[in-house]
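Have a look at this one.
As written, the chain order gives the labels A, B and C, with residue 1 at the start of each chain.
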């Protein structure tokens, strides 16, 4: 791969909707390695921040800068939505779609999609309609589809919301494998146990702004602001 | 009541004896309408999908006009097509008046807005579902339209069948531009109008039942075929 | 997959439609077509002349309109004044009388206006107007409609001033007869349409036979000068055939339920 698209820099970037600032101004840098976990109460702007970085939201203020030209950066990242968007196709058809979009031949795309389906544990469901999958299976499908082009950076919005413990562990194992093979991960979660297990860097978001950031082992425990401590204690923040 | 029963008997007799005239006009009905629906789909489906995916200045107006055209009175369509194709009209030299081609043209005009409108509704919903994903995967506009048309193909089938239903049962336009010429442009609906005019109500009704049966057969056939298609598709 | 199959199917059907002998289009009136005479004449014409005559069955008004636009090669109509105007305007080279049939007055069998014993067609219509019994008019500018209006004028009446008993339906002969039956109304029909009409119910033929009810059919070949594309040669051959003794035998010999319908009266030139 020629040159990295990372680091990603947000410079005083903000998302507005109907006159309200949903996020920002935010100044952060997403470096080349690790797992960034964004936490914060509902409505604090976690999803909007992820969408801003991925390019699904326009920066109304400031800039979102990749280390590579914009179109280059756009094709080397992927996003897993909180409610997986399933195409009205079979499992393999869903997973193969990004390859087809980017010019891979049908047979080759199918072969690789089958590989990935097996990798994420959907080997028994290849020809099943995506709409017939369970919640955990849907997330796995979305993950396989996001990972199939080996993105340099993967955004995940609450990948384990509404999943049971076992499904959550399976998803985390897939994420860990992706991380170990060099995919940078940026995700939101409400599951502090998950944040503890995965994070090498934590952003605590409050009212659209990064209230506090911490990194390294035990990053979550290093959060020190009263708001962050209160949030981790389960107190309600306005 | 009696005449309705008689109509059923007539229909059964016509079908059972494989009446040659009946087979001829039923085949012509199918040929004209299927051709018209194929053309209307080729025009209406991309238009409907395009309207769903693109934002442009006059979009709302175009959609409103398309929806309004669904209610276009066939007689008016027939009259306009007649005036255009008449020897004294602008396309008279093509010598298309009173041919099946003229009937196909009229039915395309009648069916296209319906196909486009139903396509637009269906694709708009699918686009709302797919929007973020297709943007995230960095698809081009034409890739988006293709994915939406392909994944929405069941709804498109419904659109095509709705167009078929409107066209196969239509009489006002094709009567004017086809002329109901025996062995040339007579189809089921114009034959029904003719027999009604002759006061042969039970025969007219019998042809009507044949028309209904034909429409049902086509619908069932299409749905059956599309199900087998799903099984082989990944 | 499905889409491709459909196209192949449609193309095959389209291809099967082509290939035929010389064809020409003739606009004829509903009354002529309803008589069933065309079922006898057309095969004979195909055999004798090798011409596949395609009939456009419409009212006289629309038939002349089709001729004026050059959409047909000839017109067979039965409304003398309109036909002569058509020739005078140069849309046809001439008018050739071929045959005649007659009109009849029909109505509810109990005949509330008592027209059955009338001394003439005009008198019969006057009786309907006097009684106020419903009357259904074609109202479609057809030859039959024009004939009816002429008869009202002969009876000294003007349909413009009629009350609600006079219903102008703007429809073909069959539809008009259907309406008249449903309304228990009187109406005027050509004899052939009446005899062929399958939905008579308790309607009856109440008056006929007056010479003012005779209905002359004439053949109008569309002018080749006006419309160079029309098939003038075929139209001439058809005209000669219609005036021939062969056509005379077929036309005079044609019966419906035992009744002779038409009388051939073309003069040989």
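The criterion applied here is as follows: a residue touches a chain if its C-beta (ideal position, glycine included) is under 8 Å from a C-beta of that chain, and two chains touch if they have at least 3 such contacts.
Remember, predicted model here, so these are calculated numbers, not experimental data.
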Which neighbours do chain A and chain B have in common? none
Judged by C-alpha centres, the chain sitting nearest the middle of the protein is B
What chain is the most remote from chain C, judged by the mean position of CA atoms in each chain? A
Chain pair that, of all pairs, has the most C-beta pairs in contact: B-C
Which whole number of Å gives the spacing of the CA centres of chain A and chain B? 47
Go ahead and note the Å separation of the Cα centroids belonging to chain B and chain C. 33
So, what's the distance in Å between the C-alpha centres of chain C and chain A? 79
For a test of understanding, state which residues of chain A touch chain B in their complex under the given definition. 54-56, 74-75, 78-79, 81, 85, 87-90, 92-93, 97-98, 101-102, 110, 126-127
Counting only contacts in the complex, chain B reaches chain A at residues 126, 129-130, 132-133, 135-139, 143, 147, 151-152, 233-234
Give the list of chain C residues in touch with chain B in this complex. 1-3, 5-7, 9-10, 13-14, 17, 25, 30, 34, 54-57, 68-71, 172-175, 177-178, 193, 196-200, 227, 229
Touching residues (chain side chain B, partner chain C) in the complex: 27, 30-31, 34-35, 38, 86-89, 92-93, 95, 97-98, 100, 157, 179-184, 194, 196-203, 222, 225-226, 229
